[in-house]
Amino acid sequence: MAKMHTPAMEKIEKKNRKRKKPVNSTPAYEAWKRFRRNKTAIIGLVVVGILILIAIFAPLIAPYDYTMQDYTAMMQAPSKAHLFGTDAYGRDIFSRVIYGTRYSLIIALFCTIAALFSGGLLGIIAGYFGGRVDTIIMRIMDIFQAIPMIMMAMCIVSVLGNGIPQLVAAVMFASMPTMARNNRAAILRVRGSDYIESSEAIGVGQVEMILKHMIPNAAGVMIIFFVGFLAVSIMMMSSMSYIGVGLAAPTPEWGLILNDGKAYITSAPYMMFFPALMIMITCFAFNLMGDGLRDAFDPKSK
Amino acid sequence: MLKYIIKRILLLIPILLGVSAIIFILKTVTPGDPARQILGNSATEEQVQEKREELGLNDPVIVQYVRYIKNIVTKGDFGDSYRTGEPVLSEILPRLRTSGIITIGAVAIGAIIGIILGIISALKKYTWVDSLVLVISMFFQSVPEFVVALVLIMIFAVNLHLLPATGITSAKGFILPMLCIGLSSVASYTRITRSSMLEVLGEDYIRTARAKGQTENNITYHHALRNAMIPVAQSIGTSLGNSIGGGMVIETVFGVPGVGKYIVDSITQRNYPSVLGGALIIAIVLTLINLIVDISFVLIDPRLKTTIIASGAKKPKAKAA
Amino acid sequence: MKMKKVLGLALASVMTISMAAAAFAEEGGLAGANCDPANTEKTEESITIAFGSEPSTLYGPATGNTENESQMIASVLTDNLVAYNAQTGEIEPQLATAWEWVDDTHCRFTLRDDVTMTDGSPLVADDVVYSAKIWRDQNATNETGSIFTDTADAVADDEHTVTLEFTSNAPDIIRMLTWSQYGIVSEEEVEAAGGLEEVGKKPLVGSGPYKFVSWTNGQNVIVERNEEYWNPDYAGYFKQIVFTFTADPAARIMAVQSGDADVAYAVPTAQASTFAANDAVKVVNYTFDQVNHLWFNMGENAGATADQKVREAIDKALDYDAITAVGSAGLCTPALGYFVPGNTYYNEVYTAEERAVDIDGAKALLAEAGYADGLTLRALGLSDIEPVYVVMQANLAQAGITLELDMPDTAQFVQQSAGGDYDLIVVGEYAAARFPSLFIFFQNAYTFCIGGPKWTTDEINAQIHDFIFEEDAETAKELGKAFEETMKESTIQTNLFPAVNSAVINPELKGFNTLERGFMDPSGFYK
Amino acid sequence: MSDTLLSVKDLVIHYETEDEVVEAVNNISFDIKKGEVLGLVGETGAGKTTTALGILGLLPAKVGHVIQGSIELEGQDLLKISEREMRQIRGKKISMIFQDPMTALNPVKTVGDQIAEVILLHDHCSKAEALRKAQDMLAMVGIVPERYRDYPHQFSGGMKQRIVIAIALACKPELLIADEPTTALDVTIQAQILDMMRKLQKDQGTSVILITHDLGVVAEMCDNCAVMYGGELVEYGSLEQVFDNPKHPYTRALYKSIPSLDKDVHRLEVIPGLVPDPSDLPEYCSFFERCAEKCPKCNKYDPVRTEVEPGHFAKCLQYMKEWEG
């Protein structure tokens, strides 16, 4: 009903009629609604979905064993037999890139989870308890932040040696300050809100408070950083592979494949092109998604 | 104001002590015997033991740490490179200059492109232009920087013969490294500029300007931009410090003798004193730069004093509560 | 004229091997480049040579360091007593005009009297005495010092005559003096540079065709032509040589493509080969009397490889065809003996059948040795050998062996390989002649040596000794075969393929020459 | 009438987003004579500010739309002229004082520059001349002219509002729209600012639309008074008419809800219910749900404006004779 009907109203009504049942408007739903409107973010989400499927079904998609060397078919340009060509060892680059999806995503996920659990938790604790706890934690984070992230990660890996656990640890320590800072800010924002104060007033326990109230409400910010950090860790891995630290051959991680291929950039560019493309697509997708999430959860920033 | 500056400088002490502690811990867990590394394989076991004693490696860890700090404070001794035997400090100082030049250039390139894209994107918000800008700026954030570097070398050095592929023997050599580092930071500047612009454009004083009959162009450039640049400038200030140590990969690709390459070389050479000493020096420099940036912001714009002092850190966003 | 040209430069036998010459047809005329009268020219141009890693010193002998890049740079700064003529295979005079053995361990050298050192002072016998003292005292534990005993005398008989005492008068001992670490320097120069500690940073020493100008750490080393060079026919073509250091071989090649550098040295062969059809650059591939060998650690720190069954299993599991195809970019065939085919002492001790892959056999042997559940081994190598290791990794994985790779830079590699904390190591033995330092890794006397088992028996030592000291080459070849059979029996090492070095250079450049160990001679280039 | 300065007729303004349409202003009409002060009264969300922004053509881009109606300034329809022409009018003929002086000034420009800006835009003069005039304006609003070099953060809230007023009056506009000019200020400062505004208005003969929710302010300042509710003008008349003889139930309720020093009332009456959701206005009288005087027909028809006495209009069924019975 309205005082005056305009075409704009009819459009909206038409849209509303299509929707079968009215949905309750939770913050998450509102965020999803905003996210869904963001076309670039949806593209990101779809690409990420496809990548996850590729990672899961890698053995079905990849035509060859990713470690299989065939010195009778070295450095072949892309063909029907080898979609992305072969590398200097006659390995099928397509298969390696497909398996690489699995390795890269999983390692990136490990790194991100580790970062979120260490830095994120510290941030939540600092934000929640405030006062001295906050000061101590944040001053420690200041210390970590004094060393540039990639340099910190490389120093740690160079000391601990190559390998997935070492890499995860390095990325975790290196990203701790940023993670802690962001999560703390998110918690502080929630903490200031009225309903947390009222929950406190009715005597909700601290752990319960963090788990049931703070984390779900700060979840938006955490999801943004989670997605964003997946891209960051993939980039960090490829940088470290370039320097020659982090992961060791023959793990089919994109950074390593890319690093193998970069030797042939001018003579056989396809060896570098495909892994670089995968890294680019993946990071792009995560970044687009992250950007969409940022707008969705934090509409004020747009 | 003076009190604030003094307080900030005093706050440096625990941070630097903490950084040195982290570095020292890494140093102690580092594989290999430093004495053996210094003496080389031709040394006998007695010589090595003697050297260990001389270096104090047989002392308790805490004693070693105190001595480590003492050497840094009193003698500026960050350790000697295994490789050359030179003090790490004297090896790194000339490289800081090189990295500093590249950083300034890179930040300038990144900020200029980022700010322009950010403004365009804010003015054309929610249109295809906005999305296009987002995609362009994100492109360089999503491609590993060494790939960008190699492709740029291929284009500008190999094909066009315009710029040198590696090395910085001439001023031209600085261009590509600056461009690479700069491009990778475009996305973040674009984002900050865009959101800051949008925020400012929604401010009341913009409406006041409109009510004065001011043109949209003048509103954008005279009223909005100057205000929107405050957070951008702060982030430029912060990234000045961070990029100095962050150019490891690019400096390696281009063979630029900067601090990043020094650390990378030291890592591949397993030259741990150089890695860790270098990291510590860079951390100190970075912290000092951030301090100077903060203080100069406070001096330039007293309104920021409250936000910076209140948040106790560089991130103005953290003050949300 | 032509002969005089050849005199001045130490050349290793590059393309004298017929097989190799056939495989790398393009560079067949290499050794003759210095004979080209064109090279008598002097120009004001400069040349940029891109190395992969920066040396830690520019004068290794002062501190007992041996690094490839450092020796190549030092080779243009200093001259040796004698030089090797790759074409004739003869040792020829350089700073020494003549030499004769006085007794079993003493050799007397007569020096030229027209040589000036970098500081302008003339070369005198005392300079040789001083240099010999460095070779002996600073390098007591490495190959350089291995031809001198601790107490070996070096005596200046008069101003231009000097007698050096060696450990022996092995037939090829004088040829070792052509290697770049045996450059002659004077004490005054070294002191002026700040003593032995400092001379590696500022090597303004020697009487070579080039003089040190500057070393900008992390950036470049610049040397300029020695305008007072004693042999005007061999003065450098280029006014200046700039050595740059770019770790990434792709970036090195691109530097040549773009014209920033003229030579990209030590490019992985597989990588270099992809540029064969590219007109903008010239690819140089060459063998140099060195077979790459896979050594098993059998020394004090040895792990599973102390067990011969494990060694045999590895030997069986490896696919030598694949290793060779990757390692030499298809330019060579697997090595069937310790020496390069064509070498005077070449023996085929393996048959192609013995080299066939036998995964089941390998697994059985591993099971016997108690490693049925698999085994993890660590391999140490220089980064240019990485492709070979990656193939091995795949080969060994089939037999249940996990191979971890460790590829540090040159200086670290030298240090770590001597440390013996690894299981497998691929190193090539430079065996152009029966140098007295040959098979150094069997001699426990030296704490420093690259790779090898550091494990030996009296029998092996005796066999090596016999081989090195035999006067007659034919008999020596037989003795060598016997020794190779011993190594094969105990599976001490396994032969992989003839080492191939590659460089990508400016197509206008001529005169790619090599020194010992296949090192490139930076001073030989001309346009 | 020839002395009518601004005439708003049948103005409808909607805010359109993808999800909803907000009916902010619904069919309002009013006139302002030269030198007249009109009080626009209503609760938050009644559409007062939207009306003001609509007059100035400053509705939020893409979202705010004028659906129908006309806004005539001296006979010229502001809705039909170009943006360029509109810019000539803003600041010169119509200027506006915004609610919050704290945020209305650009923090990185000196106040002198900000006053001079509007002078430069409309009066053709040099920069120095404009700055001199800016100092005059500062003096006029009671600020030491020498402070023209200072930045806004160096002034207190009341001082800032004086500066805002100085900007608004700098070009001697014919119409000044003051949107809750004193709401954000302390009570004592409020009085000063109002005094000053009244004085300046008298001196310059400016017409003023004073937007406020404070009836006291209206009583002090205005000649005429318009009451807005749900985007509609529910009552309009001279100050005396509206204050002494309120006709619309909402206006009456409003009076009962304000505390008064004159009368000794035990408790204030609260208007029950909530302001209607402007994105879902009823087709009948918007005030129906909360009206104390409603009749059964009230939720069937939307009343139209009726002149209850000369110059006094109300929008309520009870005054629409044809509907009675």
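Chains: A, B, C and D, in written order; residue numbering restarts at 1 for each.
Going forward, a residue touches a chain if its C-beta (ideal position, glycine included) is under 8 Å from a C-beta of that chain, and two chains touch if they have at least 3 such contacts.
Note that the coordinates shown come from a computational prediction; the quantities given were computed from them, not determined experimentally.
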Chains in simultaneous contact with chain C and chain D: A, B
Chain pair that, of all pairs, has the most C-beta pairs in contact: A-B
Chain closest to the middle, measuring from C-alpha centroids that were averaged per chain: B
Furthest chain, CA centroid comparison against chain B: D
Distance between chain centroids, defined by C-alpha means - chain A, chain C (Å): 48
Cα-centroid distance, chain B relative to chain D, in whole angstrom: 52
Whole-Å gap between the CA centroids of chain A and chain B: 23
Centre distance in Å when chain B and chain C are each reduced to the mean of their C-alpha atoms: 42
Shared interface positions of chain C, touching two or more other chains: 248, 250, 254, 257
Chain B, residues touching no fewer than two other chains: 150, 154, 158, 252-253, 268, 270
In chain D, residues with contacts to at least two other chains: none
All chain pairs that touch each other: A-B, A-C, A-D, B-C, B-D
Chain A residues within the chain C interface of the complex: 67-69, 71, 74-75, 88-89, 244, 248-250, 262-268
For the chain C and chain A complex, residues of the former touching the latter: 248-250, 253-254, 257, 268, 270-271, 274-275, 278, 319, 321-322, 325-326, 330, 383, 386-387, 390-391, 393-394, 397, 404-405, 407
Contact footprint of chain A on chain B as seen in their complex: 14-16, 18-19, 21-22, 26, 29-31, 125, 131, 134-135, 138-139, 141-147, 150-151, 154, 158, 187, 191, 195, 198-199, 242, 244-246, 248-249, 252-253, 260, 263-264, 267-268, 270, 272, 275-276, 279, 282-284, 286-287, 312-313, 315, 317-318, 320-321
Chain C contact footprint on chain B (complex, rising order): 37, 40-42, 83-85, 91, 94-95, 150, 153-154, 157-158, 161, 164-169, 252-255, 257-258, 261-262, 265, 268-270
Residues of chain A defined as touching chain D within the complex: 1-4, 6, 8-9, 12, 37
